[in-house]
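A, B and C are the chain letters, set down in written order, and residue numbers restart from 1 in every chain.
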Amino acid sequence: MEIELRNLAKAYGAVQVVNDLSFSLDKGEMIALLGPSGCGKTTTLRMVAGFIKPPAGEILLRGRDVTGLPPHKRDTGLVFQNYALFPHMTVAENIAFGLVRRGVPRDEQKVRIAAMIDKLKLTGLEGRYPKQLSGGQQQRVAVARALVINPAILLLDEPFSNLDAKLRESTGIELRRIQRELGLTSIFVTHDQSEAMAIADKIAVMNGGIIEQLGSATEIYEAPATRFVAEFIGKANFLNGFVAERSASGVAIDLESDGRLVLPAAKVRPELRDVEVMIRPENVALSASPTENAVAGVVEVVSYQGATAHVIMRLPGGQSLIAECRGRDAGALKPGERVHATLDPQFVAVFGR
Amino acid sequence: MTAAGVMTAGKGAAPSRIFVPVLIFAPCLLVYLVFFVWPQLSLLAVSAFDRGQVSAAHYIRFFSDEYYWELLGRTLFLGVSVTLITLILGVPVAYVIARMRSRYAALLLVLTTFPLLVSAVVRSFGWMVLFFRDGVVSNLLLALGLIDQPMQLMYTLTGVIIALAQVLLPLMVLTLHGVFKSIDPDLEHAAMSLGAPPWLALWLVTLRLAPGGIIAGSLLVFSLAISAFATPALVGGARANVMATTIYEQTIELLDWPFASALSAILLVFVLLISLLYAKALDRRSAGEAAS
Amino acid sequence: MGLDRVSRRQFVSGLAALGSLPLLPTGAAAAQDFAGRSLISSGFGGSTMDIIQKAVFDPFDKATGARSTQVPMQSAAALARLKSEAGNPQIDMYQFSGGQEDVAKKEGLIQPLTAVSQLDDIPVGLRDPDGSWVAWAVIAEGILYRKDKIKEPPRSYRDFLKPEYKGHIAFPAITNGYGVDFLVMLARAFGGGEDNIEPGFEAMKKIKGETIFKAASDLPSLFGQGDIWIIPYDSGNAFKLQTSGLPVGFATPEEGSPAVNITAVVAKGAKNADVANAAIDYMLRPEAQIEIARQMRWTASNPKTKLPADLAAEVPDVSQLAKLNRALINEQRAQWIERWNREIAR
């Protein structure tokens, strides 16, 4: 195990920012700490970096307990949200900073700096000052500065949030390529779910100081463990219902909006009574005639987006349901029309209410 | 500077565009001219006359006398010492307050300025209690075994340096605080994560980015220290004579106004000279950053 | 006092009844009613100024209807102010304690006292022969010592060189009036004087390592935290220190107690010169001088002042005080200060 966090906790006054948080990474793995602001993801990163001392819990880096170590003895490479490039140093000096601190011989410094400049496509910018660089260039210098010291772990604090949307994607892919190539174990903090899903091996969805769910992008999207995860990642419909019948073959749930779903027993925890049923729009199929596992409703809005279209339905009882269909099928649907929406049981998640 | 700005604005601009800045600057400029420039110039003029004749006699008297060289030297030494002490003491205080995330930070900052609210005279009486041979400092050091003879700081240059450093420290702290506050703490974090211990991160990054604040704070403290009168007069007594107390003596006790104005002029020139050199020296260090 | 005032009141009302009186000396008559007029004088600051205000200016205001204010400034600063406002004085009347009246007269900054009726009562030496200034009180200088540290009262200025006091001596800087007098008295004690200051400097050099202070305000601290046992100063301050509870005694040295004249002058061109003249006249009244003696132990300058027996024992009579040649001192002062700065303070 390359890094392990055991039961980390941190509170500011009465606010528990991080609570009993644990996870571990193998060499070369990249985890994304994903969550809204204030969820504790940055605090966790800063505890790993050593800027915040956790009052409880342990951090093990390559098997060594570093919990009490100051930042400069931790061997971490950190890329900051605003890059934190030293404004009074050139690109080359910025990259050299960590090598000088480590007492790397001058000749070796040159070789390693040159390699980084090459790898991050910074050739020709060595003598520039940060203010003379574009945002993307600054970001690459920040990455180069963090990587050149061969850190045990690479920490990235919202590294793409200051880039424009187009650059963000290509930079993310590029970073992922370098990270794979170097086999760098990384922790990556972001509030952007698509960034997390595109780049990380594992995603830890955080909320209120705890990890709500830890898993691969698919697991988190397809099988959200909590209502928070379901709502935070992607789009989701929530329909109120209650468990009507339980048998060996399945569980029947009656929805408030008139309709019955029959789900595999494993999907509904035995203690549940009043429930919320979650289904993502792309797993809702619309048809003109009633089917099994369907609810009926009236089309309110059709929002055409090219490849796809979103259809917002009003259900009996007042709740609404969004269905995603192919863009070319959307033309057939008119507001006010009555339609049936089939919820695919395979993609339904059920939470207590 | 103002005039130059007005002139460039005037090139090819409509008259009203010149008029507005002139109007805006006029009251301030007028006050400055009437209450600062004019008295300064007339002061300088007084020093250039001897018994009704234009003469350099007062300046020759100063520069040909070892005593006055010593006086000037002592004054500059006082200024430099006080500046260094306030800088050394002020940097950590300003830094810690600037980096504090507690709501008490503002309160602490206000607390550091309290010495400014006490008049120099009252403060000096406080120093007497501390500085006399049978005072608190001497007795404390005796009790700690650090000295074996009672020690007197009252009426010594050392006493004046300590007292002035205390008086002027808040100005240094306030100036530096503003600068530190504007430097992103993540820069230090970056340096630390790259292997620099905190003190080195502070030195290599934060202090290198603060020359403006250090210059401003130092010049403020330096110029106030060498022109201070009350503290040297009250704490320093007769022995720690500096330019300011001598100017007072020449003006008030000896009524030799031409010589007093010559002393003022010399002090002014040296202050400007040193300030210029200091600013230049520090500026060169940060020239790299400015080049961008 | 009561009688005096009644007679004046009657006199004034008599004048009013008579109308204008061209025969009477100007000022003397007019001086008695200053309703709506104001007088600004320099003052010595602190409690001294307050006592003078209560003992002299307040009763004067009450009797004449004037409104008198003292502006605190040390004598030297006062002279500088008088000089800087020459011709257009904002302050009508000045009080000096360091012989500044001599310089002021020489530089033509003051005008003769034309309406001080008691001027001729004051002995020569305590008033200017030309009537430019008058001493309204005299301070006796001498040796202040800690009674608990020094059992035998010091007898001479030579005592300052006694080895057993080493490290416990303080003396005022030469810019302080008492500092000059100390230098002169040291010179006298070792065979010199105002005209031969050399022995004074010689003696002072031997104690140049001792504590030197600038202002009387340091005295309590010097005797308190300063571990100082002996200081040349005056009976007025000795009294103040005693009142504050310090075990300080006052000794009259055998070389004599130098007299410091507390003088009053009127600025040339003063807008309220007539009021100032009347106020100075009031200062010379025995009842004012008794009050000053009672509260500050200053010696009265008017020989008509008869101190009550208890006070008379504590305040030396003006005839017992040594006269210093102030004119000669003032002539050499600048030169002595220069020398003192180099040889003593360095």
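Convention: a contact is a pair of C-beta atoms (placed from the backbone, for glycine too) under 8 Å apart; a residue touches a chain by one contact, two chains touch by 3 or more.
If you want to know which protein each chain is, UniProt gives these names: A = Putative spermidine/putrescine transport system ATP-binding protein; B = Putative spermidine/putrescine transport system permease protein.
Since the model is a prediction, treat every value here as computed from it, not as a measurement.
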In terms of Cα-based centroids, which chain occupies the most central position? B
Chain located farthest away, centre of chain A as origin (C-alpha): C
Once you find the CA centre of chain A and the CA centre of chain C, what distance in Å lies between them? 88
Per the C-alpha centroid definition, the whole-Å distance linking chain B and chain C comes out as 39
Could you tell me the distance, in whole angstrom, between the mean C-alpha positions of chain A and chain B? 54
Seen from chain C, its contact residues with chain B in the complex are 76-77, 79-80, 83, 103, 173-175, 211-215, 218, 221-222, 224-227, 333-334, 337, 341-342, 344-346
Quick one: which bits of chain B touch chain A in the complex? Just the residue numbers, please. 184, 186-187, 189-198, 200-201, 205, 208-209, 286, 288-289, 291-292
Residue positions on chain B within touch of chain C in the complex are 67, 70, 125, 128-129, 132-135, 150, 152, 154-155, 233-234, 237-239, 241, 249, 251-256
In the complex formed with chain B, which residues of chain A make contact? 49-51, 70-72, 74, 76-78, 80, 82, 84-90, 97-98, 101-102, 128-132, 145-146, 149, 155
